[in-house]
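We just call them A, B, C and D in the order they show up, numbering each chain from 1.
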Amino acid sequence: MKTIRELDLSDARKLLEGARALEIGVPMCIAIADSAGNLLAFERMDGGKITSIVIAIDKAFTAAAARKATHEYGEASQPGSPAYGINSAIGGRLMIVGGGLPVQVDGEVVGAVGVSSGTPLQDRAVAQAALDHFSAAG
Amino acid sequence: MKTIRELDLSDARKLLEGARALEIGVPMCIAIADSAGNLLAFERMDGGKITSIVIAIDKAFTAAAARKATHEYGEASQPGSPAYGINSAIGGRLMIVGGGLPVQVDGEVVGAVGVSSGTPLQDRAVAQAALDHFSAAG
Amino acid sequence: MKTIRELDLSDARKLLEGARALEIGVPMCIAIADSAGNLLAFERMDGGKITSIVIAIDKAFTAAAARKATHEYGEASQPGSPAYGINSAIGGRLMIVGGGLPVQVDGEVVGAVGVSSGTPLQDRAVAQAALDHFSAAG
Amino acid sequence: MKTIRELDLSDARKLLEGARALEIGVPMCIAIADSAGNLLAFERMDGGKITSIVIAIDKAFTAAAARKATHEYGEASQPGSPAYGINSAIGGRLMIVGGGLPVQVDGEVVGAVGVSSGTPLQDRAVAQAALDHFSAAG
């Protein structure tokens, strides 16, 4: 038997709060997943893109379930690189575009944040703001 | 050109609040969709079922996009009834199990609530609590 | 080698015209497929349901590609009947709810009409109106 | 509550008309989506490709729901660029090949046109012809 730690809903809300607080003028879709990659909480800010609903959820899924930031997959899957083509895996759910970051506690992945609607760099900055707020609040 | 009204994120939060307030001792997945059925906000209460994530999202999708409570589809699609078999449409997204209710304002569907994790009757009661709280707050 | 006859776009427009002409006060989604079940033309009338987009397209697909009215599948797939469960085939695309009718010329299926947004009986009446108008115009 | 404007069916027909009017000798699939990316109208000209049915529909979906021309995604997702790999998102529905253009009215995206069957540049020219005709007719 084993015991795993994972985010609960109040943690998820703190992460959402941190994401919203970084005001960069781009309405975002923000998804929080647990350690298995399953959705805990989601918000689409007014003006967030419809396409970004699934993308944010899948960035959080990827970052949690693969225990890896999505932009790292982007780097590892360039043409000629070993993970080339990984982006279409799992019916296209494996996201390699930045904006999905694992949430770690004591070096252990306990969940993830996925953000979409801006540029990948903006998405990643908002996801990082969620993590920073969560660490500070913890 | 036409003009349509739909829920915004602050409306979605009021609906989530109303759903959570009905304390029946069953942790739920609660999804709020806009008038086209696209996800606006979602929460999985601690203990909410993993299978219910998609089910709640699809109940909200169905109730908004078909402008019909999901339990009404259940009644209309019994064996021998004209809509029998509708439940597998749209890749299985068309939900006929109770717990998806349209949100109406002035007789117009502006979004929907989808609830899952309890019995269909419990899910429906929680969705109704969301609507009641929203009307009272409006 | 073989030669097949199938609907062209001007036929598809005649079918759409016939479907629209039956004014029953329910805004419909109307899809016209060729003999292989592939979409030729589609219209969502103002107020047609979002869920009915895929359903209308899949009714036309089923009626053309299986050369069978969708309501006949409904009858043949009731519990205890040999085709029970066929509705979830092809990822749920095989529609057994009324509203999909093959278009026949000289006893040969050359395409189909799929209608959705009303009750299955209303959908079927509108699909029939499309066929009647097409025959009269032919 | 918020209010959004979107295309209606008569607008969609004007867009189809404009797309057909650009006679470049390539039979096209042409899809018109509303502001949420959902299909409003579709025509496959005689000889339009079967593969282009879904591609045209998904180009219109992407351009409307992401409020961005599909060729812009193509540029932003080249190997080494931040959005690399975005094309397999949403089950592959996110199209990055030219031919999907948002329809804007007063700076607001109210829908989109998606065209497929020619080269991406031809598809884009036909989608642009639809927009130009719509603006002129408006």
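Operating definition for what follows: a contact is a pair of C-beta atoms (placed from the backbone, for glycine too) under 8 Å apart; a residue touches a chain by one contact, two chains touch by 3 or more.
Keep in mind the model is a prediction, meaning the values are calculated, not measured.
Asks: Would you mind naming the chains that touch chain B and likewise touch chain C?
Replies: The shared contacts of chain B and chain C, listed by label, come to D.
Asks: Compare the two sides of the chain A and chain D interface and say whether they are made mostly of the same residue numbers, over half shared, or of different ones.
Replies: Under half shared, hence different.
Asks: Chain A to chain C: how many Å between their CA centres?
Replies: Roughly 42 Å separates the two chain centres.
Asks: With chain centres defined as C-alpha means, what is the inter-centre distance between chain A and chain D in Å?
Replies: Centres of chain A and chain D (C-alpha means) sit 29 Å apart.
Asks: Measuring centre to centre with CA averages, how many angstrom lie between chain A and chain B?
Replies: That gives a centre separation of 25 Å.
Asks: Show the residues in chain A shared as contacts by 2 or more other chains, in ascending order.
Replies: Where chain A meets two or more other chains at a single residue, that happens at 46, 50.
Asks: Residues of chain D touching chain C in their complex?
Replies: 8-9, 12, 36, 38-46, 50, 53
Asks: Which part of chain D faces chain B closely enough to touch in the complex?
Replies: It comes out as residues 1-8, 11, 34, 36, 38, 105, 110.
Asks: What residues of chain A sit close enough to touch chain D in their complex?
Replies: So the residues of chain A in touch with chain D come to 46, 49-52, 54-55, 58, 71, 73-74, 77-79, 87-88, 91-92, 95-98, 119-121.
Asks: Going by the contact rule set out above, which residues of chain D touch chain A in the complex?
Replies: Per the stated touch rule, the residues are 2, 36-37, 61-62, 64-67, 76, 79-80, 82-92, 94.
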